[in-house]
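Chain lettering (A, B, C and D) follows the sequence in which the chains are written, and residue indices restart at 1 in each chain.
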Amino acid sequence: MIKPLTSLPDYGTKTDEITLYAGPCSVESEEQFFEVAECISDLGLSWIRGGAFKPRTNPHSFQGLGEEGLKIMKAASEKYGLKTLTEAMDSAHVELVHKYVDGLQVGARNMQNFSLLKKIGEVTADSHKLVLLKRGLAGTISEWLSATEYITMNGNDNVVLCERGLRTFETTTRFTLDISAVPVIHKQSLFPICIDVSHPAGVRDLVPSLSYAAIAAGADSIMIEVHPNPSEALSDGPQQLTPAQFAELVEQLREIAAVFGKKIV
Amino acid sequence: MIKPLTSLPDYGTKTDEITLYAGPCSVESEEQFFEVAECISDLGLSWIRGGAFKPRTNPHSFQGLGEEGLKIMKAASEKYGLKTLTEAMDSAHVELVHKYVDGLQVGARNMQNFSLLKKIGEVTADSHKLVLLKRGLAGTISEWLSATEYITMNGNDNVVLCERGLRTFETTTRFTLDISAVPVIHKQSLFPICIDVSHPAGVRDLVPSLSYAAIAAGADSIMIEVHPNPSEALSDGPQQLTPAQFAELVEQLREIAAVFGKKIV
Amino acid sequence: MIKPLTSLPDYGTKTDEITLYAGPCSVESEEQFFEVAECISDLGLSWIRGGAFKPRTNPHSFQGLGEEGLKIMKAASEKYGLKTLTEAMDSAHVELVHKYVDGLQVGARNMQNFSLLKKIGEVTADSHKLVLLKRGLAGTISEWLSATEYITMNGNDNVVLCERGLRTFETTTRFTLDISAVPVIHKQSLFPICIDVSHPAGVRDLVPSLSYAAIAAGADSIMIEVHPNPSEALSDGPQQLTPAQFAELVEQLREIAAVFGKKIV
Amino acid sequence: MIKPLTSLPDYGTKTDEITLYAGPCSVESEEQFFEVAECISDLGLSWIRGGAFKPRTNPHSFQGLGEEGLKIMKAASEKYGLKTLTEAMDSAHVELVHKYVDGLQVGARNMQNFSLLKKIGEVTADSHKLVLLKRGLAGTISEWLSATEYITMNGNDNVVLCERGLRTFETTTRFTLDISAVPVIHKQSLFPICIDVSHPAGVRDLVPSLSYAAIAAGADSIMIEVHPNPSEALSDGPQQLTPAQFAELVEQLREIAAVFGKKIV
């Protein structure tokens, strides 16, 4: 384990646990979701993620299972003892989503959808359920922090910020992961920061390196897409890991976390 | 030490050594440069960097000591047993620079200064001295790799690619470090990749986190600016570490490198 | 008037009218809004715009007058014989907004708020009221065109695309106006394109040059912010024109439009 | 002709002439270059441009005819009574280039090649030949203006700034033309500004719209690539106009310039 710095601030030690938010891009069926849930549970992890309402660039693409997907998540949660995280895209769905899951995600395209943020802040005011706020593709850190106020103003400060890559001119990756966001968020705020490694990678073989970097930079949590059969996934197939690949990776991440005195949960 | 992946390619294990290119932004005096050299040598490292010719946005800013700076570098190299790295900005200076140092740097603003690249390729054709090619502020990875051909076409393939941050709209950091460049370069080429952690950080307190991430992502080398008295530096003061801060950081980096089976040199 | 090209396609002649969408950033009071409406009506123009629901980065900034603002717009519409355009930010408000105005604007932050787009498509399916879809700060033209399908899939194809500047590293302007979007949209789609000249400018003295360029590039409409007293505006004061400045500018725009065989309405 | 604004500054009236810098991307042969020169001369224009030393991303692409190209330019200049503009890429070639042509271009990749800028400043100190400084793909306006000082510090202030498009995420155009640079440069400096319409367009059918916009925004000069047979051009074929297309376009540009009280030369 590394010795803490004495001559410079330490922006990496908010907690001694690193949470993994793993799971498929979309909830596609009970069978698919349960297979991932079993893998996650067997690895001793605590959360599973999945999309029930999907924001798709094209209206003719798969839009998610909606409430049926939420029910599958709830069932998996009970069967495998996992907490669940899913995206709410529309203020009209927030109460429904809130009823089924443990954490609500705001997607990158909605970082400044202030109506949605306010609604989530209202609905979670008492439950204090986790709200994971993704940074926009061209969102500044300053805007991102300002946006949290729409959520917290009603009393829920259980907010996790999630960096998922910026849009730049570079095309070898799907988005440019801004790894510096980790220390900057720790320096400027009290919120934990998550790194979504799957979306900036765009392809699965870049996921391990970005995961290692996320832990080393001091991320409090990591989001990774896992699918039983990525080549048949209804969305984002090329960037999803198989359960076997994910299990291997988690073992590595535990070794790396240990050097920072942290454990993966 | 982490167990290698079997189900996905490993983009992080080009070598088992990670080279640090540390030193002041500018060579300012023998006293200044020797103090840093002594620190680097005491830490058992092998290279020192420093700028003798400085590319400055404003012609009225400090432009570097020129040949006098090169002489100071040569003297430090001999006294402390270190290899030296400095920037060549102009094809007219390449032979002079080549005479004094062990490695030539091409700055980000010159990534596509093809005349300079060709000249460096010619001058180092026999010596095979190291050429460190920084990525441009808006350079694509494809252009960066193409640019290496101007250097290697005369026979010197001792090229190190150095990622130093992209220009984006984000202003909390000086540049946006593209950490994904590490696995992408390992995937697409045989060149080692260096991460310059000081320029994207812009301020020294972000340097440790970016250094940890660089090692974890699989970087083959790291560039870090170190100055005996950063507040009086003639360039880039806010991002330079003191020797004491640097020594603490190196100790940490050695622990992190060990988990990847690597040592810092 | 210029002679049409015979050897290259003409991407500038979708119609022979250029519509101005002028008005204050926010509807602040009846007095303020009527003063602008009177100016617009006196100039023989047909539309007035204004914000009743305001998307603000900070929840403590002025959020708009809401339905009261819509009532002021309706009253101005009747008194001055103008059509009205305002932003709908939330699917919950779409029906309300639709009841009061002639055109609904989707803001840049909502270009990919697909729930909102669908709702607007549904609510305007019969009325075929104008829907002005702003391009996101980092929205590609391809995404922008895809987003229109969420609106048009219910039968309303009365969509105007509005370019309002991209987020780049440049800071002398608030956003970088992508003037090339005009011919590209005319080349790739049948939708008319509007140029919002006020937001990219960020300051009023750049507004005239950008307006001239918009007409010359072939824009079908132009959005310009006008406020009776910009220095006391509750939002975006520095970029709004006074009615007197606007009147002078419109006279110039009419001369420029004439050379392209168009008139300003 | 439009009436000048009285209530806002006019950033469009630096001169009453708009210079066209037309010509092929590369000088390929006497026959090719003379054909373009004849067209330009017949249209009553004053300058021809062409590349003799070409900065190419790939060292195996056509690199230009070098001094032979300069000789062809000189011959065309004498035969057709045109002034000539070409790029100098290397400080070692500046004197050679200066001997043959009337204007020296610094390419976008060299905006901050300070050695080259200084050398050009020195070589043109007495001749006061025109130096056209292109803005870098990610160059800020502030850096661009600072770079001019490297040229002017020796006494030649005959500098033209040339905007040629920024690198962004948008791919329907080759680069994103920053049309706002025109009024910003007129506001912040005394230098004339040129718009290169061919490089941001990337394809010839977008060239007319961008040219109209450049004139309307107040550009002092426009750069347009013209080639007798674009489909066989050795570089940048898709964006070059034929002489016939160019002649049609110039006729239009004269009409548009007239409304601003300017003529095309």
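Keep this in mind: a contact is a pair of C-beta atoms (placed from the backbone, for glycine too) under 8 Å apart; a residue touches a chain by one contact, two chains touch by 3 or more.
Note that this is a predicted model, so its numbers are computed, not measured.
A.B. asks: If you check the contacts of chain C and chain D, which chains show up for both?
C.D. replies: Chains touching both chain C and chain D: A, B.
A.B. asks: Name the chain whose C-alpha centroid is most distant from the C-alpha centroid of chain B.
C.D. replies: Most remote chain from chain B, centroid-wise, comes out as C.
A.B. asks: Approximately how many whole Å separate the CA-defined centres of chain A and chain B?
C.D. replies: 33
A.B. asks: Provide the C-alpha centroid distance between chain A and chain D, rounded to the nearest whole angstrom.
C.D. replies: Averaging C-alpha atoms per chain gives centres 48 Å apart.
A.B. asks: In whole angstrom, how far does the Cα centroid of chain B sit from the Cα centroid of chain D?
C.D. replies: 36
A.B. asks: Where in chain C do residues touch at least two different other chains?
C.D. replies: Correct list: 138, 167-169.
A.B. asks: May I ask you to sort the chain touch graph into line, ring, star, complete or other?
C.D. replies: complete
A.B. asks: Where on chain C is chain A touching in the complex?
C.D. replies: 55-60, 89-93, 109-116, 118, 136-138, 143, 146-147, 149-150, 153, 167
A.B. asks: Can you list the residues on chain D that touch chain A in the complex?
C.D. replies: The touching residues are 167-169.
A.B. asks: Give the list of chain C residues in touch with chain D in this complex.
C.D. replies: So the residues of chain C touching chain D come out as 1-3, 5-12, 138, 140-142, 166, 168-173, 176-180, 182-184, 187-188, 200-201, 204-210, 212-218, 241-242, 244-245, 248-249, 251-252, 255-256, 258-259.
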